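Below are two complexes that have chain A in common, paired first with chain B and then with chain C.
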Partner chain A sequence: MIFKVFPKKKLSLLYELLAVNTMVGPTLKGKDRNGKSLYDFDVLYTFDDLALDYTATIHSAKRFVLPYHEKLSSFDINKTDWKKHVDINVYKPLVFFGMHPCDINALNKLDMVLAGNVYPNPYYIGKRKNIFIVGLDCSPEPQCFCHSMGTDSALHGFDMFLTDLGDKYFVEVLSATAFDFLSQIKSKEPSKKDHQHYKQVNALKNKNFATNVETNDLTKILDLEFDAKAWDQWGDKCLSCGTCSNVCPTCYCYGVEENIDLDLKNANKIRSLHSCNLLDFAKVSGGHNFRPEKSTRLKYRYYHKHRGFVEAFEESLCVGCGRCGQACLADITPPEVIASVRGKE
Partner chain B sequence: MDQQLSYLGVPLTRPKVAFFDFTSCEGCQLQILNNEATLLDFLNLVEIVNFREGMSEKSDNYDIAFIEGSISRPDEIKRLEAIRHNAKIVVALGSCACFGGVNQLKNRFNDLNWVKKEVYGDFPIETIEVHPLEKYVQVDLKIYGCPIKKEEVEKIVTNLVVGKSITSPEYPVCMECKANENICLFELGEPCLGPVTRAGCDAWCTNNRRGCWGCRGPADVANVRQLEEIMHKYGFSNETMLDRLECFGGFASLTKEIKKTKKPAAKRKK
Partner chain C sequence: MKNKLDFIDIMHGSDGHHRKEDPNSFEYSYQAEITNVYSLTKTEKLYQIQIADPKLRTKFTFKPGQFVMLELPGIGEAPFSISSSPVRHGDIELCIRGAGNFTNFLSRVQRGTKVGLSGPFGTHFPVEKMHGQDLLLIAGGLGIAPLRSPLLSVLENRSRYGRVDIMYGAKNPDELLFTYQHEEWRRFDINLDITVDQADKQWQGRTGLITEILKERIQESTDLANNTFAIVCGPPIMFRFVCDMLTQAGLPMQKMFVSLERRMHCGRGKCCRCNIGSTYTCIDGPVFDYWSVMNLKEAI
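For the complex of A and B:
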């Protein structure tokens, strides 16, 4: 890997160079009822919109590669047949400025399913390949448990990754494009001292995690505890609202709906992200529902994240960002759910 | 207009449609007319034979009756039964028809005679407890909302004409609210019924930073018990919650439960 350093004051210059493209990044959205700042990822219009000291964004970066609603195709309906139009909805490259390791790893996991699998998804790949990602280091918040999931540092899936060393940034360079941009701002080779400093910063991050999830043998334990009482207790609280999936950077389940225009001259096919916690999720034609109970639906969300995906890809689908637990109005959080299923509250 | 309607070569019948209103503000019907861009296409799909708000001719020969409003007078029951008798499909249009709507708030008062006196003074008319259509006749389809969303009605009518199945989301408003990337109103210090209310409005109110009042009635899973906990956690009283839950009548059976078990809990606190 190639490493570089540049003084902090050059960050805006780097931003401006990249800003010939559409810029996306963390930005301040408002204050909550206690005066705490609320952040989300959004399109940025100036360097000042960028809030690099952000705490967990409400939503993940998912929507930029996997929109909540996406038109997959449209149809011109003639008298007896139709003409289909497909648009993968990629019009311009995006620069994503300031993505934490959990969110980069989330994209890498989505890649496994949507880009590398038996049925690659062109709508996803088109968008994913057209994003230039500037990663950014972070300090753990109370809800973060990425270190338990092995996603606290990102090894690939970005173009460059910035670590804050006080007065300068230490940069990991992964793409030729990133290298070019860094040459334009005259970044330097890091010194031995910079290496030292970088290692210290990362060691400090590792000390600061407040939340831990025991993942040893979790796939087996989930099988053993399939009928655990804990599922019913969490199920009682669950609102079946789908918020957890909507804010999760790796939930990708969807439903497809076909609509005919009122004039009967056009039709379209829309994919909308769904959630396994919704009542309609496992309903099939004829009206049968395979998972009518809240507890079963909730359980299967955990099974997909922490068991099914592990068996298919040898890693969990959860990156430990903690967003689902933060957003859940019923206070259902993965660390608590997993601990209770393991039998230690 | 007289030419044969068809979709992909399959001939379709234009259903004869009638609109009726009972106790309501007629806002739902207005939503349908309030639609210049697509009104002609709408009129091409169906044959409207009765629509007091939009035309003067009338006929009792119709396939689908769209009925707005709740039942609040004895004479309305007879008229409703006659419509049911004539129509193949009865569609309840909007919260009043589906749940009683805002009108049913009057049922909250113990003394309906006092209500009558307050409202009509010395010119009383005969009124009864407010109820949804379902109390008196079979309803085949419900279109939720106060008011209804015209896009939803158009979709339902298109699907009816081409013979596609018609579904309403079973999940709550939060799903749509989050997909629209709103900040949760509870975090901003406002109560919201989104977690228990049926979606389909695309989170109309919360998109505009107003908490949901539950006009579309309960989602198929409406965990009102948990909502109560959420309200308390964010500092809202049961009264605040019940005001909202009772506003449109959709949650009637669920609020009864809460009121029943709430009293002993309050006593315990003392």
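For the complex of A and C:
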């Protein structure tokens, strides 16, 4: 891997060079009732819109690769005949400025299902391949448990990754395009002192994680505790609102529905993200619901993230960003659920 | 402009060697036409569907137990097991119960309606692996729809199999499907046993559970563990009883095959609606051996 350093004041120059493209990044959206700043990823218009000292954004970055609603195809209908038009809805590259490692890892995990596997999804791949990612190191917040999930640092899936060393940024460079941009701002080779400083910053970050989730043998424990009472207790609390999936960077389940215009001449096929916590998730026509209870739906969500995905892809689908726990109206957080299922309340 | 990033158009091949499959195929559906509709019972109909392009029709191949996604523009898309024999290629038959929005709409369409067809998807019954062995084909209710494809395939290649027993159960005689074909299936070299839970006045056949027929068949068999394969389709409660009974009789779990039903929105392992743990019913199933089903939490 190639490393570079550049002084902090040159960050705006890097931004301006990239800003001939559409820029997306963390930006301040307002304050909550306790006065805490709320951030979200959005299109940026100036460097000042960028809030690089952001705490976890409300929503993840997934909507730029996996929109909540997306038109998959449209139909021209002429009485009994029809024609299908497919548009994967990608027209230009995006620059993602300031993505934290958990969100980069989330995209890497989505790649495994949506870009790999048996039927690669062109709607996703088209968008994913046209994203230029400038990663940014973060400092752990109380709800973060990415350290436990092994997603606190990103190894791939970005173009360049910035680590704050006080007066300068230490950059990991993963693509030729990123190297070219860094040459334009006259970034330098890091000195031995910079290496040392970088290692210190990372060591300090590792010390600051407040929340831990024990992931040893979690797949087996989830199987052993399939009928645990803890699931019913959490199920009683759950409101089945699907907010957790809404904010989750790796929830990709969806439903497809077709709508026809009133003149019966055109129709659209729309994909909308869904949540496994919603009542109709596994309901089949004829009325049978494979997961009618709240507890089985909640349990299923944990099984898919921490067991099913591990079996299929050797790693958990959860990145430990803690957004679901923060957004949950019933205060259900993964660290607590997993601890209680393990029998450690 | 120098700093403008290159746009990668995956639909038109500017994606180099990273492309694994033609991206156009993901949302592709064959233009097909409903050539005939037969009413089988009050709620079930048999649809004969033909892929419009003769070349594509011949190219379309599937194996018994696989399913297709059937699309009606503006109405919806849903998965259905193919009920016809694989030798008929893109001239398929689907047996569909009017149960939801899509299927109820479908029950009102007439022949000549143009539909979209994608697939075939999923795993299949390994009928070739079963050559030289005795077969138990067991269906309950609408389970005869996915079972009919391997059944027809076996009938067409009858000499390749040992003893063949078909057992079919329904709630009452009115709900029996494919009654017009039963005599055709009941040949000198095939045993067809039909039973209903509740008989009516005209019914002259057997009454009772399918497990009773199975019990008799098991008593007749000499070497169930080594020379028999079973295909079981029906509601989960039925195949659980049937498979448990066969397991106790010595039939290994990996020689019993079942077809699972789940909600599906894509058929391509993406929408996650059919997911059971690590398994997608659409790409890892719908046909599973009984061992895999036993091993999956909440599969049945």
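Some notes on this structure:
Here is the rule we go by: the second predicted complex is superposed on the first by the 345 of 345 C-alpha atoms of A that agree within 3 Å, B and C clash if a C-alpha of one lies under 4 Å from a C-alpha of the other, contacts with A are read in each partner's own complex, and residues count from 1 in each chain.
One rule holds for everything that comes next: a contact is a pair of C-beta atoms (placed from the backbone, for glycine too) under 8 Å apart; a residue touches a chain by one contact, two chains touch by 3 or more.
The shown structure was predicted, so the numbers you read here are calculated from the model rather than taken from an experiment.
In the overlay built on the shared chain, the residue A:81 is in contact with chain B and with chain C. Measured by the number of chain A residues touched, the leading partner among chain B and chain C is C.
Applying the stated contact rule after C-alpha superposition, one finds that A:73 touches chain C and leaves chain B untouched. In the superposed model, A:59 lies in contact with chain B only, and not with chain C. Using the contact criterion defined above for the overlaid structures, shared-chain residue A:260 touches chain B and also reaches chain C.
With both structures placed on the common chain, the touch criterion links A:304 to chain C but leaves chain B unconnected.
Once the two complexes are laid over each other on the shared chain, residue contacts for A:241 go to chain B alone; chain C is not touched. Legend: residue contacts after superposition of the two complexes on their common chain; A:330 is shown touching chain B, with no touch to chain C. Looking at the shared chain after the overlay, A:177 reaches chain C, while chain B stays out of its contact range. Annotation: chain A residues 77, 80-82, 259-261, 264, 283 touch chain B in one complex and chain C in the other. By the touch rule above, chain B contacts chain A in their complex via residues 5-9, 38, 41-42, 44-45, 154-155, 157-159, 162, 164, 169-172, 174-175, 178-181, 183-184, 186-189, 194-196, 219-221, 223, 226-227, 229-230, 234. Within the complex formed with chain B, the residues of chain A that make contact are 29-30, 32-33, 38, 40, 58-59, 63, 68-69, 77, 79-82, 236-243, 246-247, 259-264, 272-273, 275, 278-280, 283, 294, 327, 329-330.
Residues of chain C touching chain A in their complex: 1, 3-11, 15, 18, 20-21, 23-24, 26-29, 71-78, 97, 99-103, 112-114, 116, 261-263, 265-266, 268-273, 275-279, 283, 297-298.
Chain A contributes residues 17-18, 20-21, 72-73, 75, 77, 80-82, 84, 86, 88, 90-93, 95, 113-114, 116-123, 125-126, 129-130, 132, 177, 181, 184, 223, 226, 252-261, 264, 267, 269, 274, 276, 281-287, 290-291, 296, 300, 303-304, 307-312 to its touches with chain C in the complex.
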